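First chain written, first letter: the chains are A, B, C and D, and each begins at residue 1.
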Amino acid sequence: MSATVDIAQLVCELCRNFYALGWASGTGGGISIRGADGIYVAPSGVQKERIEPADVFVLDASRLDRACVVRAPADASLRISECQPLFFNAFRDRDAGAALHSHSLWPVLAARLASPDGGPGVLRLRGFEMLKGLRGKGCFDEVSIPIIANTAREAELTDSMAAAMRAHPDVDAVIVAGHGIYVWGRDWVRAKTQAECLDWLCRAVVESHRLGLYDAPGGSP
Amino acid sequence: MSATVDIAQLVCELCRNFYALGWASGTGGGISIRGADGIYVAPSGVQKERIEPADVFVLDASRLDRACVVRAPADASLRISECQPLFFNAFRDRDAGAALHSHSLWPVLAARLASPDGGPGVLRLRGFEMLKGLRGKGCFDEVSIPIIANTAREAELTDSMAAAMRAHPDVDAVIVAGHGIYVWGRDWVRAKTQAECLDWLCRAVVESHRLGLYDAPGGSP
Amino acid sequence: MSATVDIAQLVCELCRNFYALGWASGTGGGISIRGADGIYVAPSGVQKERIEPADVFVLDASRLDRACVVRAPADASLRISECQPLFFNAFRDRDAGAALHSHSLWPVLAARLASPDGGPGVLRLRGFEMLKGLRGKGCFDEVSIPIIANTAREAELTDSMAAAMRAHPDVDAVIVAGHGIYVWGRDWVRAKTQAECLDWLCRAVVESHRLGLYDAPGGSP
Amino acid sequence: MSATVDIAQLVCELCRNFYALGWASGTGGGISIRGADGIYVAPSGVQKERIEPADVFVLDASRLDRACVVRAPADASLRISECQPLFFNAFRDRDAGAALHSHSLWPVLAARLASPDGGPGVLRLRGFEMLKGLRGKGCFDEVSIPIIANTAREAELTDSMAAAMRAHPDVDAVIVAGHGIYVWGRDWVRAKTQAECLDWLCRAVVESHRLGLYDAPGGSP
């Protein structure tokens, strides 16, 4: 494993990785990583598979109440990702080292099974080895991922996401109904690993349900 | 983001991208982009993932009633994409900066759910964040994408596509039943972004419907 | 489009392409192309995504009754692809310029819908634009692709494939039940294009059928 | 085919291949290969698509009762893959040249159809050409792949896997319910080929079952 990494380069590389996984189509999705000199965040509303290191913002890691720009891209038309306040929930309330957002279809479909009306709820995951990839979990645990209702603007999710995080301190993810999933971790490797495990698990729930082999993935929040 | 781009090169690069997404198999699909010196169009009936910049036609952007070649490929056997009159609908009637055509299965399946007999209709999209990627839409809007019937030859779609565009001035896409989707935008980024969002949405409709969680995607035109 | 191509290199490149499409996993699938100096065929039972030009056999194009090696790989352990007699059906009886074999799941599933017992039959394709990618067809035609029963060894398919080809002179493909599909064309571009269109069509039949929107894909041979 | 290969490099290359196939997400999956100087094993709990040759352990091939490190990575934080005792089952009891572990969803879903409660059982495969890719099998054989119950820790699978291997000497794979599949072979090519064939077969069983065309994939162990 490489000892040192250029964080801005890594953000771009992971965005391409997520695009290939179907997590970042339509300019959606992305990842934010804490580095020595601040928190690296991609710009808003751009094609995530095409960003370059010079497009990445660096924000002050000592000010997690709001976005204080330490280094801005040369291209002045770029704005900070709208996910920033949601990523900051994880940096501030969970001391995360990285936080990501995926627009993968699988969390959206699994959450719809769990909460068909798109309201708050939980997605119950059980019976799969991939649960072991989640912080502190074993493959025989039942894990409840909180689902929050979507809002008109991304920033309006900030409070309900923070509340869901307080209600579910044992998990590092929140699903937004009809929208996608937020996942974080102690560092970018754990954030990405947990996101991959959750994506696998959500797809497994949906596919098992279709086969008549997964009952009642939902519950109350 | 790179300040300047070679448009012919970009057309080729995006065609490879679309092939990888499953939008351009069997020589289908493609993209046309307005550049400073004209409108760039790929050749007809060739493998879209293998075209090279020298294969791309440049057409007169001041003559949007028909194809006037400004620069032709050296290979005289190449003909202009059969999508050209349909792309020109978007350049002429919507002042588009780019227009693309995808043979993705998802718009075809979603339209079939909405209009099982393959006749004209609309696909109703609602309840997903990805709607926000469509021009002027929010995630709580219901958006109706027009569906037109297929014709024996691509050029015969020109008038019904133009009529559907007039009937649906709020959307930048037309689905052709059993065939694929046309999407455009102010520039190539918006065309591609809207196409990716629509592809995600069409797949979400189909998969949700299979789970018994999406009613009545169709309506009258 | 490149004027000249190294055929052995092209065979390798297309095999990698087919592996990425899921057509050539488990050493299955492949393509054979007629060149100026003979017919190029990949070796048998090797990982198709990893062959190199030096591994490709060249066979005498004037002897289409059997495999006469014009040029053999340096690696003496390599044997000619078991598909060779089946590819030769297309070279001999249809004057094909290329023939390919795919292990894609979609033709196998579509054929199973059409002929659930795995016996001979036809797969009826209709109602999709992609039909236009098949030689001489329009999008409103109904096309019947012959299905033949599988046999213990690939070479034993030779006669039933040839018979199906005689019974269906209007199509350039034969599906082998539970196994895969053979597709050919005047040149490698047409073989690949038709194979991509058929793969799309087979998947569209399966997915439409699941949605309750495709009746009776099968028929008698 | 290249005459010589760097085994550590090959392990890394195949791990990237498996990640692209969806077999190694969330740090899961991997491959172990016997080389002239020992058995090469990837480290535990790391992103398999990002390992480098220097991260690979080499273990003593003459001591197959436990892991004796011949060469350790420079990075002292790396531990040996938790799959090591399971891979060693194949090296010791079957004289395997390579063993791999995949977290693909298809074996998990197929096994769930065969054994809905996640207990021991067998997955019955029949009616597909891809069976021919399994050691000693023909396409008309019925092959039973053993399924073992999952355990809290990977190493606890060692004995039940070994027992399943003794009970099914004719197959080179064991599925772990809700978890994934172990596959091995005389060399890495045969291990990978069998794994690709089994993955195709498991998906074919699941998709055929959904179409109402595959009965009773399960049986008692």
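As a working rule, contacts are C-beta pairs under 8 Å (C-beta built on N, C-alpha and C of every residue); 3 or more make two chains touch, one makes a residue touch a chain.
Computed from a predicted model, the values in this text were never measured in an experiment.
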**OP:** Could you tell me which chains are in contact with subunit A and with subunit D alike?
**Re:** none
Original post:
If you average the CA atoms of subunit B and of subunit D, how far apart do the two points sit, in angstrom?
Top reply: 43
**OP:** For subunit A and subunit B, let me know how many angstrom lie between their CA-based centres, rounded off.
**Re:** 30
**OP:** Can you tell me which residues of subunit A touch two or more of the remaining chains?
**Re:** 210
Original post:
Can the chain contact pattern be summarised as a line, a ring, a star, a complete graph, or none of these (other)?
Top reply: ring
Subject >> Complex interface listing, subunit C residues touching subunit D >> reply: 25-28, 46-47, 50-52, 55, 75, 78, 103, 105, 108-109, 112-113, 116, 118, 150, 152, 176, 178-180, 206, 209-210
Subject >> Sites on subunit D touched by subunit C in the complex >> reply: 1-2, 127-130, 133, 138-140, 189, 192-194, 196-197, 199-200, 203-204, 207-208, 210-211, 213
